[in-house]
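Here come two complexes built around subunit A, the first alongside subunit B, the second alongside subunit C.
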Partner chain A sequence: MRPSHQARTHRAASPWLFLLPGLAVIAVFDLYPFLTTVWHSFTDARTLLPGHWVGLRNFQDMLHDDQFWTALRNSTLYVALVVPCTVLLPLLLALLVQPRIRFVGFFRAAFYTPVLASVVVVALIWNWMLDDRGLVNGILHALGAGPVPFLGDGWLLLFSAMALTVWKGLGYYMVIYLAALANVPRELHEAASVDGAGAVRRFLSVTVPSVRSTMVLVGALSSVAAFKVFSEVFLMAGPTGGPAGADTTLVMLVERTGTGLSGRVGYASALSLVVFVITLALMLLVLRAGRGEDAP
Partner chain B sequence: MTRVWGRVLRYVVLLAVLVITVGPFLWQLSTSLKGRTEDIYTFPPRLLPRHPTLGNYKGVADIVPVWSYALNSLTVAVANVVTNLVGASLAGYALARLRFRGRGAATLAFVLALLVPLESIVIAQLTLMRQLGLNNTLIAVVLPGCVGAMNVLLMRDAFGHLPYETEEAAVIDGAGVWQRFARISLPSVKGTLAVVAVFSFMGSWDDFLWPLIVLSDSSKFTLTVGLNYLHGTFSSNQRLVAAGTVIAVAPLVVMFACLQRYFFRGVAEGSVKG
Partner chain C sequence: MPISRGTRSHKAVGAALPLFLAAAALTACGGNADGGSSADGKVAGDISFQTWNLRANYKDYFNGLIARFEKEYPDTKVRWIDQPADHYADKLSADAAGGTLPDVVNVSPDLAYPLAKAGVLVNLDKEPASTKYKDEYTPEAWQANEMPGLNGGYAFPWYLNTGPLFYNRALFAQAGLDPDKPPRTYDELFADANTMARHSGGRVATLAATPAIEDFGRYGVRLMNADATEFTYNEPRGVELLTRYKQLYDNGALDAQALTNGPEESGQKFLEQKVAMNPGSAHDLSNFKENAPTLYKNLGIADAPNNTGHPNMYVMGLGINNGSRHKPAAIAFAYFVTDRQNQESVAHKVAIFPSTRGSLDEPYWTKDDGTDEGRVRVAAAKILKGAVNYTPVVMSDEMKTVLQNQVALALQGRKSPKQALDDAVARGDELLKQG
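Entry: the complex of A and B
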């Protein structure tokens, strides 16, 4: 082989050698499983059994499945109640720790602690605090309020899990907002305060417009995350989803249906596909709504 | 005068948020240090244990093999860091700095992978692991996330921001593409490498859904799955559960405390660019 030819083949092949590990992993463990999910959703596959083509039957079954509708309702409620809090509260928190005052570095780092911890850890901590005899009910009792069955009632369980999600995300989204706020010119705020605008006016007319694209981004990220909620509810309400399964979310239903030796892989795949389509739609919807408001 | 009061008010609110965000962790730490004889339900709550003891840490290890779960978690997390650093920097470098046919398609493949939520393919991943005979192994826990698409795109971004001049000089000196990558470009993106490393470690150590699904043999459990089991079986003993959670969160708090400055800078940069 002539040296020049060798050099050329080496040069042409090396980009693909660089890409090989990464491309192989996403092809085998992301893209191929996605195609399998689509295929399985039209079959009656079960654990260890390939199954047969059943057309749209899985999707028709879904329409008559009460568990599916409960799960869809819970996951949708999760988005509707969690996302507004996740867009607004971390922004206020970022404004709080933005000025370079003493100890601010400590506060920023401390507010990030819930992000560091595993959802399993924080759910166990919350379970302990929200226990009938836990800290929160102790405080409520001291204030003269009766014990609240946070972990016994279906709705209260779901709301508690939502509060946990918001609490755990505060520090994460705060950091994203801090980065955005760093790019807002100080002069804008100073000009507004010279004009005599109060804190609320300045927030609405200076801060919000200048970090709007970040709010849209946070909205998109947290919508997708909230719709896919699994761990918080699984850990607080238990694997079966609280009293009579009333707290089951869509991803919990996927996990429950598709795993185990008698797992209905076909039906679980159809449910997975619903999760995929709705998360994608949510993301596009939020991004589009954000862009739409930009127009004059 | 109003300025002083404004500052006082700001610190009051900061302290209130501190109680809400960090308080629960301190309460858990306190519970884990309280002995069997100390009432943990008293009100007003006692944050400082009267007779602090490490007995619960020994007690929790007697019930579930919490240290071997921690070792499983550590193995998985370290493997995840190494594979992500190697795989993402290699792929990111090719996407940012090499010219070849198919670069656009390769970039698109990573973006598409990012759009597929893990939750919607876990069942198919489990089926795949069964076919490969890898289900119920730590290898199966690591494999699906061993080169994260997000990390590849982060590294691509970092390499893309390097000035071309540094590499041009190396090309003139006759350095091959591997030397340029390893000797010149890689040392210039240490900040992003650190972010990828920290997030890979954290993501892997904290992960729950995938190890829960793919591991069935309790001796293979990672710490998060083991803690869920501990909670289900012995939820009545809050002291032991508390000790287990402290073991799970302590390594991350220590790591974060050490890397904090570095980390905030890196994350902020990443989110602006990303």
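Entry: the complex of A and C
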């Protein structure tokens, strides 16, 4: 018997009714601000002054803004150097703590602890450790080396912030990998061992293909997080973005330009739009590179 | 089964939508205010009063103050809001843009300027209800809230502050310097800093921060033209100051992390006895006593050097929201909080200074009671009599960052001091013209 017209309407409307609260939240808190940002990016709006239409001027100004190019370079470098580490190192860590041996729970918890710690607290501790008279330079001094200007040199500061990002993210991605590894059949490893495969060969030929889709997911998540990095660099390099602004990232530039009572909202919106386009392209790129299914 | 064209496009939309929403959530940035009641009329109505990080320590004082005002004006009701120290400017901008700015707001001149420019604050010089009180404040304090190009004062002067230069007597002695003769001029400061660096093998720096705009002002550099439309701190005297700072940096007399240190980091380095001198205020004494007793025992206090005869001062004020529905009550309350009696009363509780005429001639600010606090208080009050607020009110945070970054480039040797200041002025002027 064919369902009545009313039943068909109910069936079609029901999913939308369930979705409505979520869609309303997205429309108010994501879509509306996004569309406003797009509009502002073509105006010279200030925080307290409504803007006028300026066409593409904000984007043209960006091309001549040294800080924009520095920020683009730093955010790109962040992705290029942090993402490989956050894809591979947590996988190795997960392999280390996967076996059910004594005290493994302690190590799993220990590796996860940085994830729980506040990034502000962690960055402060790292700043103390990397200070020119901090713990690290103290050890180097005792060994007859140093001091290394971790917090005084633009490049070293950026690399230090990257190290902090990797260290803090290890535990989070490790847990994702642990879940994926639990689904890899033990027989595959046993068969590979019988065929004479060593640990490295088994890792490359069994483990990696089996968790491929998880690696793509981790790659996508960490590349977006790395591209829009703010807290670590802001807390370690300060509001100026390191010496002479050398460590400014794109999101820091958006914050610096667009906030405060004299904020250049139009220009900051144009910067945000560039971040949006690059982030979208990055996600598509990672997902495209990771097409295909995990090995059975 | 082959996927039909329609299904494929639905799938593409289905895949793209979450991506679009996710990316949209990652960006997003937002961006605006207007007329209220007449300033003349009966003092009545419910008003809100916003302070800047004062509730934690002065809750009872403000509650008492409000109760006394409400008793004096029974038709009024004051709602007190206190905001945390961080991101206060962002809170003000959000409220001003959203039309929810409290009736009476705690502002410093640099915060008042953009609000006044946007028409959000009442021009106190144009309202008889407020102008009548003008002579009760020191001229310097009232002028600090006068905005260039806007013809008038936009906040009742509240409390003032200035700071001596604290120094570490032990570090001075270790470097062979006389702890009883701290530097009094810039020449002496630079000479002592170089001596300190040389004697300590570069391990002890004298200063922890690079020069900010007020340092250029104290050095005697003209910061802006008369109508505050162009920066002028790239004049030869400014280049001279930066050149001398470059020599300090090269000699190790500036902290290795001076290029990135903010006031908090500089204060922390002084607290940890890693640098020998740091500007501060009377407020810092209790911090030293509590958190660095060894430093406190060796603490020296000197006047911050200046070449102009006018030390720097920081001014707080109370602005009135132009959109207030009860302007007479808001003006009456702002005056009540900042009148002589109440300013002197609060300045007895905390290490700040009143901006009302004649207050600093009171014995509390002229007679040393023999305590460290008393010594700093009397010294600071003496300084304040000729002090000016060097920081131009039109200089936004972004312009300050531009200067700081160009100074850093000069200290690193990547630009000459002249080029760095020329570039900072050019960029600052460009930002000024953009409004």
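Heads up, the rule we're going with is that the second predicted complex is superposed on the first by the 267 of 296 C-alpha atoms of A that agree within 3 Å, B and C clash if a C-alpha of one lies under 4 Å from a C-alpha of the other, contacts with A are read in each partner's own complex, and residues count from 1 in each chain.
Note that a contact is a pair of C-beta atoms (placed from the backbone, for glycine too) under 8 Å apart; a residue touches a chain by one contact, two chains touch by 3 or more.
Because the structure is a prediction, the values reported are computed rather than measured.
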Clash-or-fit label for the pair subunit B, subunit C on subunit A: clash
Mind working out whether A:36 is in touch with subunit B, subunit C, both or neither, as first, second, both or neither? both
Considering only the touch criterion stated at the top, classify A:178 as touching first (subunit B), second (subunit C), both, or neither. first
Check the residue A:112 against both partner chains and state whether it touches subunit B (first), subunit C (second), both, or neither. first
Quick check for you: in the superposed arrangement, does A:143 touch first (subunit B), second (subunit C), both or neither? neither
Would you sort A:44 into first (subunit B), second (subunit C), both or neither based on which partner it touches? second
Among the partners subunit B and subunit C, which is in contact with a greater number of residues of subunit A? B
Pick one for A:133: touches subunit B only (first), subunit C only (second), both, or neither. both
Which holds for A:284: it touches subunit B only (first), subunit C only (second), both, or neither? second
In the superposed arrangement, which partner chain does A:96 touch: subunit B (first), subunit C (second), both, or neither? first
So, A:256: does it touch subunit B (first), subunit C (second), both, or neither? second
The clashing stretch of subunit B against subunit C, among 114-122, 150-158 or 186-194, is 114-122
In the superposed arrangement, what residues of subunit A touch both subunit B and subunit C? 26, 30-31, 33-34, 36-37, 40, 47-48, 131, 133, 224, 228, 238, 254, 258-259, 263, 265, 268-269, 272-273, 275-276, 279-280
If you look only at subunit B, which of its residues touch subunit A in the complex? 7, 10, 13-14, 17-18, 20-22, 24-25, 27-28, 31, 41, 43-45, 83, 86-88, 90-91, 93-95, 98, 100, 103, 106, 109-110, 112-113, 115-117, 119-128, 130, 143-147, 149, 152, 177-178, 181, 202, 205-209, 212-213, 223-224, 227-228, 231-232, 235, 238, 241-242, 244-245, 248-249, 252-253, 256-257, 260-261, 264, 267-269, 271-272
Which residues of subunit A touch subunit C in the complex? 26, 30-31, 33-34, 36-37, 40, 44-51, 131-133, 147, 149, 151-152, 157, 224, 228, 237-240, 242-245, 254, 256-266, 268-269, 272-273, 275-276, 279-280, 283-284
Residue ranges of subunit A touching subunit B (in the complex, touch as defined): 11-12, 14-16, 18-19, 21-23, 25-34, 36-37, 40, 47-48, 93, 96-97, 99, 101, 105, 107-114, 116-122, 124-129, 131, 133, 135, 138-139, 141-142, 167, 170-171, 175-176, 178-180, 182-183, 224, 228, 230-231, 235, 238, 251, 254-255, 258-259, 263, 265, 268-269, 272-273, 275-276, 279-280
Going by the contact rule at the top, pick out the subunit C residues touching subunit A in the complex. 19-33, 89-90, 92-93, 96-97, 111, 113-115, 117-118, 120, 256-257, 259-262, 265, 274, 396-398, 401, 404-406, 408-409, 412, 414, 434-435
